[in-house]
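This report refers to the structure that appears directly beneath it.
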Amino acid sequence: MVNSGDTAFILIASALVLLMIPGLALFYGGLARQKNAGSTIMYSFATIGIVGVVWVLWGYTLAFGPDIGGFIGGLDNFGLAGVSASEGATPDAKIPAQAFMIFQGMFAIITPALITGAFAERMKFSAFVVFTTLWVTIVYAPVAHWVWADGGWLLGLGALDFAGGTVVHINSGVAALAAALILGPRLGFGRQAMEPHNLPLVVLGAGLLWFGWFGFNAGSALSAGGDAVNAFVVTNTAACAGIIGWVGMSWIFSKKPSIIGAASGAVAGLVAITPASGFVGAMPSIIIGIGAGVMCFGAIQLLIKLKVDDALSVWGVHGIGGTWGAIATGIFVGIGYGGLADGVTRLEQIGIQLIAIGATWAWAFAVTAIILLAIKFTIGLRVSESAEEIGLDLSEHGEPAYRL
Amino acid sequence: MVNSGDTAFILIASALVLLMIPGLALFYGGLARQKNAGSTIMYSFATIGIVGVVWVLWGYTLAFGPDIGGFIGGLDNFGLAGVSASEGATPDAKIPAQAFMIFQGMFAIITPALITGAFAERMKFSAFVVFTTLWVTIVYAPVAHWVWADGGWLLGLGALDFAGGTVVHINSGVAALAAALILGPRLGFGRQAMEPHNLPLVVLGAGLLWFGWFGFNAGSALSAGGDAVNAFVVTNTAACAGIIGWVGMSWIFSKKPSIIGAASGAVAGLVAITPASGFVGAMPSIIIGIGAGVMCFGAIQLLIKLKVDDALSVWGVHGIGGTWGAIATGIFVGIGYGGLADGVTRLEQIGIQLIAIGATWAWAFAVTAIILLAIKFTIGLRVSESAEEIGLDLSEHGEPAYRL
Amino acid sequence: MVNSGDTAFILIASALVLLMIPGLALFYGGLARQKNAGSTIMYSFATIGIVGVVWVLWGYTLAFGPDIGGFIGGLDNFGLAGVSASEGATPDAKIPAQAFMIFQGMFAIITPALITGAFAERMKFSAFVVFTTLWVTIVYAPVAHWVWADGGWLLGLGALDFAGGTVVHINSGVAALAAALILGPRLGFGRQAMEPHNLPLVVLGAGLLWFGWFGFNAGSALSAGGDAVNAFVVTNTAACAGIIGWVGMSWIFSKKPSIIGAASGAVAGLVAITPASGFVGAMPSIIIGIGAGVMCFGAIQLLIKLKVDDALSVWGVHGIGGTWGAIATGIFVGIGYGGLADGVTRLEQIGIQLIAIGATWAWAFAVTAIILLAIKFTIGLRVSESAEEIGLDLSEHGEPAYRL
Amino acid sequence: MKKVEAIIRPEKFNAVKEALVEGGFVGLNTVSVTGRGAQRGIVHQGRSGQSIAIDMLPKTKMELVVGDGDAERVCEIIIEAARTGEIGDGKIFISNVEEVIRVRTGERGETAL
Amino acid sequence: MKKVEAIIRPEKFNAVKEALVEGGFVGLNTVSVTGRGAQRGIVHQGRSGQSIAIDMLPKTKMELVVGDGDAERVCEIIIEAARTGEIGDGKIFISNVEEVIRVRTGERGETAL
Amino acid sequence: MKKVEAIIRPEKFNAVKEALVEGGFVGLNTVSVTGRGAQRGIVHQGRSGQSIAIDMLPKTKMELVVGDGDAERVCEIIIEAARTGEIGDGKIFISNVEEVIRVRTGERGETAL
């Protein structure tokens, strides 16, 4: 039954997830070069505006409206029709339907915002607006439906994704890879240093992300009980372990413990624990976190070697971190918390996880590519060369990030 | 009955509102010029110190003590006498009396802090201290009493203000206008560019404000039920719509989508939905938000044309945004959520709203003007010309904002 | 009985305390010089990684495992064995055992992070890693056990420490003094100005600390009832009073109201109210806060005169502020809230507080000194002179804080 | 041609710039420097109110390259607009410039100014 | 020896640097300045979309001290890499340098470059 | 008069300043530049540990205008305080200044220094 403790919990959790997006804006903004700091921030911040409205209009109903063939929701809840602010969606729901709606809305906002790191420093703002509107509608909403909605085909298959390893992280990370490939590298990529312009901003962003991630993962329990407590604990532990993993790698491979690496490692750990957070205990979360730090570090190096310019390493962190987390969910489910579903063996569960991963990779890559190519050949994706040289803050927005 | 779910909710909501004030400090600090960044931040931060103590001493009792003639509270609760930390104020209260007290205290702190944007970059810190102490006592406390206290005359009249359209936003916005007029423009206003010195700081501030606003509006339900959920949803939606409105205006009128405009538009949307958030659903909130973005954008331009130097546009955003929100509450009440009071027609409700708006405008403008004139002719309001040229960080505080 | 309202409250409180650490990172980072901003931030941020993992492995069980002689916990809960995510530790616990564990874990993280301000700008990162791991194990865990664990000898004695005046603040502040003495002053200390490089960052950090402190103090009630409400109210009030105290001192003694002083005063007030927050009401909290502002201000001046280089004034704020708070808890207990324990007079209570203070000072100083000396004579504590001149961001981490 | 380098108070820059533009001198570039001269006594406050003597003060350095005959006029304009009469008003240095080239056109000499 | 001071568009700095290095000129230093010349019409937008005419534009100033015979070659390289043909391309100033000393070794004159 | 421009390691600035003040040279101004010379091999690390060769290094440029007879002495002081013997120690450039004016008083020539 709907009650104040659980409702309070989900509302605050939703607020925490919302805060992740300005956090992401600053994280990405700090990682960008100074001349693009504002524009990079703007991508994330504007995403809130766009998706926040899209979600209440048609996004929610496409994802969570009545199931159509396991693939997508119907339009019955268009404009939140029939979504109550005080009653639960089902008799045993502990929170009102609109609380669930807005919590899910925050996920829908942050996912496309994550992608923006891949095309930062070169994509036209107008192209971004069109892309984000389309992407959340035809990439995000279906995948959310598959995994989390009653009737979704991956849910039916038994895929485990507590808080968004596939829906949020693989989805955005793979879309980022498609974007990096289709937009092509930034001018000077590989020749000039393109390093973070503001480290305190990066750490601030990482701190806000971490804080918000408690809402993200623990909130996904949809009530303040044991699932939430466990998710909270493993989330924190994996983030800590992610720091250790990534900083350790930088200490070994470049002889110095990296500060940006600490921030990145925390995020990698958080990404990887996301799908697992309702299904594993604290000990596996240490392995998941360290593994995420190590693998994401390696994945970024790999992409640089392949000369693919995923500007702020979205694929490396979210694509690979999310994939590792989704596999690890199968590997560690039930160790320390939760358990395998009745009649499913661990190997079978890992197989199901791989199907969910494969389906998300394929869908995210293919549909993102189609959207981007469509934009490329209509209004165009990239700013002009001289606009890119000057920096997008001035050329696209007419506002410098700093007047110091 | 007092219970842990609702109490937890209000305490966290209070913490969220407190965070809005450092958020505001950074928002305003980022909008100021570099040489006044610290002093601008200090106005807001010092406001917490001053009003936080004033409120527990005499502010709370003036606002919420036993009603005297519908106009002000009596001194019975001076120093929190008789305000219990564990029992509710009334038998059906869901939260302890002190939880209500501190939640309201945060509102009392943020309201004068909002005004500081109008006199930033030129007002003496000593004058600010006197002003803020007097203003919260003789402007804020009475208006809060009228609108929210048992026996308050505007409450009796049926004025709807869920979370502070009149008390917080019109009140501060109109006081800001009075301050801008009485202090006069900054040196060089209209000739020199006086633009934001730190855009990431502005966006950070806006992000913290948005996050805190969930506490502000949803918390105003005073329990974690349907009202809170609805307020949460419409708050977020209006903020998103505010971004769309303001960025759209900048895109149309200056050919470039403004980043500062996105941050400002979010705030404008949040301001406008504040009074309405318990009374309308998500669809009207989109209109309220877009309307706020458009109108506040226009109001700022108007004031600049009138050569009035409201340095950080407090009147444009809070005065006009708050007024639009208060009117919109009458226009849209009951659409999507809540309903008109029994026996009141929509037109009557709009009329009541206009009375509440008019009373707040008049009181805020007149009494603020009196306070400022009294200070002007005693200790003086403005720093010297050379201090203003050097910047208030060094001349008033002896501390530069940056040593980069 | 475990319930959703209290569980939600403690989980959110834990998230708030976690956020204090990035907040502290930025607070300290802003106070440091630009060339050490990143490294100073890194100390705090890396502390989360280290202690977050140590705590779930052996920290928690050393502090809260079954009592051994009043001095330390046994290893029964190593790796969280037997710590349930859904059941309370005792039948009357209102929150699951792991919720208590993680809430306490955040305290264990922030305490060594506080110390880093003393050795900032000169300690090797490798030395810091070893120090922090050892310190949390052999200094923090025992003191936490003495004061808060069933069977702890200070708890048995009747020492009052609601949220960490001894365990967190005296402990870290006195360790900071030992560190300052053993590391010695920074190159140029006393001759060159070593002033904060980024004031907005300092205020942001203070704002996040304040926000998080609500979780810290109110959360220490371990349920969302009257204790939490009272702690919340006095926490806020003391912070406000701390601003007034410190800014007043700077206004009197250096003729200008200090902005850094406002941020510092808030922190000082928060430190001092921490042990008292469950035992005194709002009026004493004003005295405690103002007193903290005044005393910490004086303590810092004293240490500078003694030529001890506690770089970011950890001893002055946490050591002295914590000591004042622990004494004040004895002086004011029961005034406005709570009461003396049965059969204990106020004077006796003050005596007990002094014992707790003395024991913590002695233990923290002695064991910290031993750890540091051991590191000094093995891997070494300080970076080379030229590395210190260049700044630790580049010499230790290879990453400049800004590329503006 | 001559290069006129003027080190002035940052808060006087706008006044000087406006005076120069009125005088017909639009071309210039500026950079923020920190300097030390006779000026003393600027004091910042430390975290606990201790005085911090700042001996390196922020100044604005303007550079104008002008025709030989204009240097004196430029100095007069700058002095008039920048002077407060307090120490710290700054210095002007004049030196010789052998050649000026406009990048856009390749023009040289005074016509390139 | 000659000092070549070139004030160019910041976004052209990398191209100019690479061209100079190719030409064998590795020693240089740069500073960000704000400048004003013939260039006009750069407009930022204010908070409510009002236009803000920016008359002081960010530029990069490069300084190279080179042997007497190299100054012309350096100017040519800079002009070629920095020119866009639009106003705002910048200026080059050449002046005389009497002595150069390498701090590390105390060497003097052209060998110290 | 002579202008002595010294480009030194930023971390040596305090030592140089103190040595100059001791030597009686109080007037100077400084600006942060980024420079490139013989020095190589400074490496930052990128987000995933990749090495980033930084060819433009932060340096501090000091300018002192001094009487003709003082230039040598100033150079000696600077060299002594700034030298580490490693590459990257910097350069000193000396050039001629034709006139100096003190803004406050209008004084000219060496007395204005």
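By letter and in written order, the chains are A, B, C, D, E and F; residue numbering begins at 1 in each of them.
The working rule: contacts are C-beta pairs under 8 Å (C-beta built on N, C-alpha and C of every residue); 3 or more make two chains touch, one makes a residue touch a chain.
Please read all numbers here as calculations on a predicted model, not as lab measurements.
Hopping across touching chains, the smallest step count from chain A to chain D is 2.
A count of contacting C-beta pairs for C-F and for A-F identifies A-F as the more extensively joined pair.
Each chain gets a centre from the mean of its Cα atoms; for chain A and chain B, those two points are 33 Å apart.
Chain C and chain E have Cα centroids lying 51 Å from one another. Distance between chain C and chain D, defined via averaged C-alpha coordinates, is recorded as 49 Å. Across the assembly, chain E contributes residues 31, 44-45, 84, 95-96 that each touch 2 or more other chains.
In chain C, 3-6, 8, 12, 195-196, 198, 204, 208, 254, 256, 258, 260, 397-400, 402, 404 are the positions where the chain touches two or more neighbouring chains simultaneously.
All chain pairs in contact, by the document's touch criterion: A-B, A-C, A-E, A-F, B-C, B-D, B-E, C-D, C-F, D-E, D-F, E-F.
Taken together, the chain A residues at the contact with chain F in this complex read 31, 193, 195-196, 249-250, 253-254, 256, 258, 260-261, 264, 296-298, 300-301, 304, 313, 316.
The touching residues of chain F, counted against chain E in their complex, run 2, 6-8, 31-38, 56, 59, 61, 75, 78-79, 82-96.
On the chain C side of its complex with chain A, the touching residues are 3-8, 11-12, 14-15, 18-19, 21-23, 25-26, 29-30, 37-39, 41-42, 45-46, 48-53, 56, 79-80, 84-87, 96, 98-99, 101-102, 105, 125, 198, 201, 204, 208, 393, 396-404. Contact residues on chain D toward chain B in their complex (touch as defined above): 11-12, 14, 43-45, 84.
Within the complex formed with chain D, the residues of chain B that make contact are 188, 192, 386, 389-391, 394, 397-400.
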